[in-house]
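My questions will all concern the structure given below.
Letters are used for the chains, namely A, B, C, D, E and F, taken in the order the chains are written, and counting of residues starts over at 1 for each.
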Amino acid sequence: MSVTPFRLPVISRLRREAIEEVLSRGLRIDGVRDPFTPRNVKVEVGVIEKAEGSALVKLGNTQVMAGVKVDVGTPFRDTPDQGVLTVHAEFVPLASPLFEPGPPDENAIELARVVDRSLREVGAVDLGSLVIRPGDKVFVVWVDLYILDHDGNLFDASMLAAMAALLNARLPHYEELETGEIVIDRSRREEPLPLRHRVVSVTVAKIGRYLAVDPDFEEESVSDARLVFSFDETGRIVGIQKTGEGALSIEEITRALEIAKNAAPVYFKALDEAVPQPGA
Amino acid sequence: MSVTPFRLPVISRLRREAIEEVLSRGLRIDGVRDPFTPRNVKVEVGVIEKAEGSALVKLGNTQVMAGVKVDVGTPFRDTPDQGVLTVHAEFVPLASPLFEPGPPDENAIELARVVDRSLREVGAVDLGSLVIRPGDKVFVVWVDLYILDHDGNLFDASMLAAMAALLNARLPHYEELETGEIVIDRSRREEPLPLRHRVVSVTVAKIGRYLAVDPDFEEESVSDARLVFSFDETGRIVGIQKTGEGALSIEEITRALEIAKNAAPVYFKALDEAVPQPGA
Amino acid sequence: MSVTPFRLPVISRLRREAIEEVLSRGLRIDGVRDPFTPRNVKVEVGVIEKAEGSALVKLGNTQVMAGVKVDVGTPFRDTPDQGVLTVHAEFVPLASPLFEPGPPDENAIELARVVDRSLREVGAVDLGSLVIRPGDKVFVVWVDLYILDHDGNLFDASMLAAMAALLNARLPHYEELETGEIVIDRSRREEPLPLRHRVVSVTVAKIGRYLAVDPDFEEESVSDARLVFSFDETGRIVGIQKTGEGALSIEEITRALEIAKNAAPVYFKALDEAVPQPGA
Amino acid sequence: MKAEGVRLITEEGLRHDGRRPEDLRPIKMQVGVLSNADGSAIVEYGKTKVIAAVYGPREPPQKFMLLPDRAVLRVRYHMAPFSTSDRKNPAPSRREIELSKVIREALEPVLLLEYFPRTAIDVFIEVLQADGGTRTTGVTAASLALADAGIPMKALVAGVAVGKVNGVLVLDIDEVEDSMGEADMPVAGAPDLGLITLLQLNGVLSEDEFKRALDMAWRAIERIVEMEKEVLRGKYGLAPAQEQGGVEG
Amino acid sequence: MKAEGVRLITEEGLRHDGRRPEDLRPIKMQVGVLSNADGSAIVEYGKTKVIAAVYGPREPPQKFMLLPDRAVLRVRYHMAPFSTSDRKNPAPSRREIELSKVIREALEPVLLLEYFPRTAIDVFIEVLQADGGTRTTGVTAASLALADAGIPMKALVAGVAVGKVNGVLVLDIDEVEDSMGEADMPVAGAPDLGLITLLQLNGVLSEDEFKRALDMAWRAIERIVEMEKEVLRGKYGLAPAQEQGGVEG
Amino acid sequence: MKAEGVRLITEEGLRHDGRRPEDLRPIKMQVGVLSNADGSAIVEYGKTKVIAAVYGPREPPQKFMLLPDRAVLRVRYHMAPFSTSDRKNPAPSRREIELSKVIREALEPVLLLEYFPRTAIDVFIEVLQADGGTRTTGVTAASLALADAGIPMKALVAGVAVGKVNGVLVLDIDEVEDSMGEADMPVAGAPDLGLITLLQLNGVLSEDEFKRALDMAWRAIERIVEMEKEVLRGKYGLAPAQEQGGVEG
């Protein structure tokens, strides 16, 4: 059951007014940004040697770590010729005073599912080439998102971390025993995980009459709603999620799309710097 | 752990006196019935096309939907030559202000188990003919009871819904692949589910010194205890459950059985009208 | 998440002073024991005929029952040539007003894991001889600890009960069917469970400046910390656990080990009386 | 990633069930279908069948979740085990948890929750049969049930999904089109406020396709909200929409 | 549905363990077996062995469940993992949840709960060995433990199951008879009040068989309650019932 | 029971990674690494990498657990799914539940919890990479995070594990040594108080070995606490320990 969350207390109404006031002047509450520019973003890969792929993303003060683990398992019955991709997010309590220990809540589940769909629908991971024995044994790819510090806009940071960790990942060596059992040797990393697209998400918040990209925690808290747009490297829209208790007009949605499209290259650049395009 | 439930508030004491008073005059609080007559009952089958069998039962204002799904699975180890029958009940929160979302509570579990036993002990479903490959592959029959509106006597309505949905059910087509795997095609429905008996349950409530069949929610709330008798079409008793915090004398139990036996034809008739007896 | 437990109320401060005062005179609060002597201990085996092995241990008023069940299952992937041993503890609510129904809490889990490790690390059960078909079918040994009455020092009583039940256990007869399936016949008990060592645990409590073996519930409640030492029959240390919110100096730890070592024979004797050493 | 080899649009431009791309499925609506709930409705989009019930404003069992200045809205989207081809496990799936949130956020913008501080308004949505578009059918059913319960609303909402199948944008996709198509975009909105309250895209669209799909959804939502109004006008009787059934939707 | 091919009644009319149809198994009872609990008892019907403990009246951790005009009764029926042939998973099964309710409702009628408003009385029943009749043995153990705890009761209760095996009604069935037989009817009652407090039927009986089975159970319950009284008279010592053991029990 | 056939100590007495038996792995420490937490630290022992955050004193959501005369300490030790060779299921395992308790009891003795009655102090420990010694690395990280949060402490604590490998006692064992060795003894303590606050032994030691291992651990703990002090002196900058990295650590 989904329940209206606790809203920040009265003080934030004043803060909200301040946030809207600076937005009305084309500025942001941090005194640095304009409404169309994401915060500083840093992508680092290979931070966890034991994982087949990993990344740490800092987007302003928001920190998200992603780890990719690869196992051997059985395919889903309706896709016997495809590997399995699973995205999971943990809002661990060290990241925010609002997070409590426990199984993922609706926010963590929504985040993981939006990232999952943005990767899956466009075929970012080439699942067809992750088959070991059709219908029987395939590679199972786990993407685990670990929110370490929550200063707003977990969607964009998590999508970046997931994508960077996937780009960093290598498949482990495996052997087929005489019994037919597949044994993997994680100490030997071979081919990179086969990827076909690079995907980023860009979040635009609606705050009163204003739109602003990459909201920080305070902006997010006073926002009416957010739109998360996912793009591939060719500019196609590969996922959308409206999130938050408010609503938007069609005109606002169109403007938000424009803002998101124009901000996407900032994330793609951070990604390409951390994991250069092959041949680049 | 089972805990004494919250009793209805003081107002119900007055209501209880009213209910007892009309019972003392051989009447019911609804101003229509006598103590020996169930409410209007309506059985409709085939209400959910996607289910292999389905039924909606209205017993007064009580509404219960039942769906039958058929899968292929493995038999229990101790009954390798029998299919599997599972009855499950959900008290979904739209049915009553008393129901909260969550896993089935003791009342839902008791209901499902009483219906299950009443079907199972007499062999209402011919599990022996649901075997595809002995010891390996059998049909698994799920009966899911969905309480939509709770105005008392969920036992009788649920038993009727389960029985009607089973009578409405057809087995899906299946094929054995060369690999030995069994694949089912739900778009092709073939034989009816093999049934050997029709079973109904009749509930008699003890309210003070009085007995009354098919209690509505108010009567149930003020009752001391209820006796649920299940009968097959030949009049054999195929299940009993005393439920509720009170007790009954042997003489009361004997009288309740008599009342139940005399009311059973009402339910059988509703069942037969919805799903005519073969050859009838 | 582990949370500081509720401490006994103010009254126990007085009680604590009394307990410390008698300890300062080399006595115990029960008026009978000295700091170095465990309570009366009684070990009875074979108390549950349906279990492959069982024992009831009374240590003062503390009562712990242990049952051993043996199944056939698959080995862990990293130990294909070993049977499986699992220790589980239930703090059932009849044992103490402090226990509530529910899944094992951190105390029950700690207890089970300490007993498990003390058996496992020294190889008390010869898991290598519990293999039926290497890599495929092995005996799975469940040790279930049931706390019936909690008057302190569950560690020592549970370890004794587990050990006695294992010594009492016999493997069930099994047959391999033509299909390769392994079927066990619990009515025929054959070889004793193969054991290589006898292990006991001895708990020493630190209460203020004093150390005392086998604390009862009151002593445990006012203790700063406890040290649980496990020994095999040759005197080797096969497990240690410091438990409780306090700390100890190295000198206190050394003294506690001495006390434990000297008390261990009391438990070994109780064990040997209940299940005589082969050849003894 | 959707299979792209299957033909779901005929050469005449018709869909597998005979609809034109911009056609809704037959829509049926009925309110006041339950006796206990404060408000209820059952809505069908083709074979998709969803029932919704509303309780409240009321005091929930756990008071810690109440808010001092408004009612909390509690929404549960849940599928009956028999609603799907393979039996659905009744425990809430991750999908159901996400959709409960998304639907709650689709309803909040039209409710005057500040009228009822320290109470809860509960919306329970049960999918009885799933054939595509269950979340959007659920929003429509919830809107009707809220109105039936007399909860003060700024406007009615309705939902519909637009899909892309064989490169063609099609309205109100069913399960076959969803599973075979290239994109599924569920939308809900309140035409009387000019606001979109739910928007998701599962799949791939160009910017232009997205804008056209959004427009297509919006016009359908306007029509569905009109049906809601008709049904509420004839409360507790059969609405014209239901009697007509059919393609007109 | 029970297997009907197995012979469990000899030509002389005796049962597989030598009992006549109307014989109980040897019954043992002992009270005050635990130090922490306010009351406790261990009861054996043949190889079936059940321990019960009572705590209260006391304040439970969750106060929301308290009632203003009476004590709440909380009952847990639980099986030890080692009590059954195959290890029982310690998490409560659906069967244990149902039986906890059924046993609670078998005890409520004899307790004077209105003496202790806003408190809880807890009955914890642990099946240590299961050989048929665990719920009815549990009712008997709970009755003794409640008396041992000094909880005011209108009357003692006891339970016993009647079965139908090879067409014959038999008293106090064990596990073999239960699994092979045609019916299992657990009954509990308070003879001093003339009331049945628990009644279930798993299986098939004619109306006449049902009445005879009920009568058979009732007479046995009267005898078992007499044993309870004897044990309580000799509280904390071994009861005569236990010393005699045997068939008479 | 550990495999005993594998040679993990060379003829020169060196370990598989070139360390001498009494050598620590390179240790890195950094505090103030998170913006939301009141205190935080990241600590590495070789490849083992643990992050800890502290919140509080604060009011927890569930007030029933508060104590009238002191703060409650809440500790969670948790492993990231990607921290281990095989993916770790994120649900708390029995091992994590035990270690949360053991670490809480290793921290309680040095905290002045009585300064903050009716509040909670929360310590969240996340293992980011596990290569042996995660619980003891976690104690060290928690000690730094508590200091960083300004929680009043009697002394700093640190942890380290001593193992027995091929019959030799070795300091600060890594995963290979742990899985192949004969014993693993995690120890934590507060040198400034002269107190051991955590002590476990998984494996087999003679009495003499135990005493030597305890002494070995104690001396290493003294060194690690010195590193903690250095890092805290240079708060929010890189500590000398980190810059040096390496064997000395």
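We take it that contacts are C-beta pairs under 8 Å (C-beta built on N, C-alpha and C of every residue); 3 or more make two chains touch, one makes a residue touch a chain.
Because the structure is a prediction, the values reported are computed rather than measured.
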| item | value |
| --- | --- |
| Shortest chain-hopping distance from subunit B out to subunit E | 1 |
| Pair from C-E, B-E or C-F with over half of its contact pairs in common with A-F | C-E |
| Of C-E and C-F, whichever chain pair has more C-beta contact pairs | C-F |
| Remotest chain, subunit B as reference, centres from CA atoms | F |
| Farthest-lying chain, centroid of Cα atoms versus that of subunit C | D |
| Subunit B-subunit F separation of Cα centroids, rounded to whole Å | 58 |
| Averaged-CA centre spacing for the pair subunit D and subunit B, given as whole angstrom | 31 |
| Distance from subunit F to subunit D - Cα centre to Cα centre, in angstrom | 52 |
| Geometric centre distance via CA averages, subunit C-subunit B, whole Å | 48 |
| Sequence positions of subunit B contacting 2 or more other chains | 1, 101 |
| Multi-chain contact residues (two or more partners), subunit F | 61, 76 |
| List of subunit E residues in touch with subunit B within their complex | 1-2, 65, 67, 70-76, 94-95, 97-98, 100-105, 108-109, 113, 183, 185, 189-190, 193-207, 210-211, 214-215, 218 |
| Footprint of subunit B on subunit D - complex, ascending | 34-37, 40, 47, 49, 51-53, 55, 58, 61, 76, 78, 80-87, 90-91, 122, 124, 126, 128-131 |
| Residue ranges of subunit C in contact with subunit E within the complex | 48-51, 54, 61, 63, 65, 67-69, 71, 88, 90, 92-97, 100-101, 103, 142, 144, 146, 148-151, 186 |
| For the subunit A and subunit D complex, residues of the former touching the latter | 1-4, 6-7, 106-107, 109-110, 112-113, 117, 120-123, 127, 225, 227, 232, 235-250, 253-254, 257, 261 |
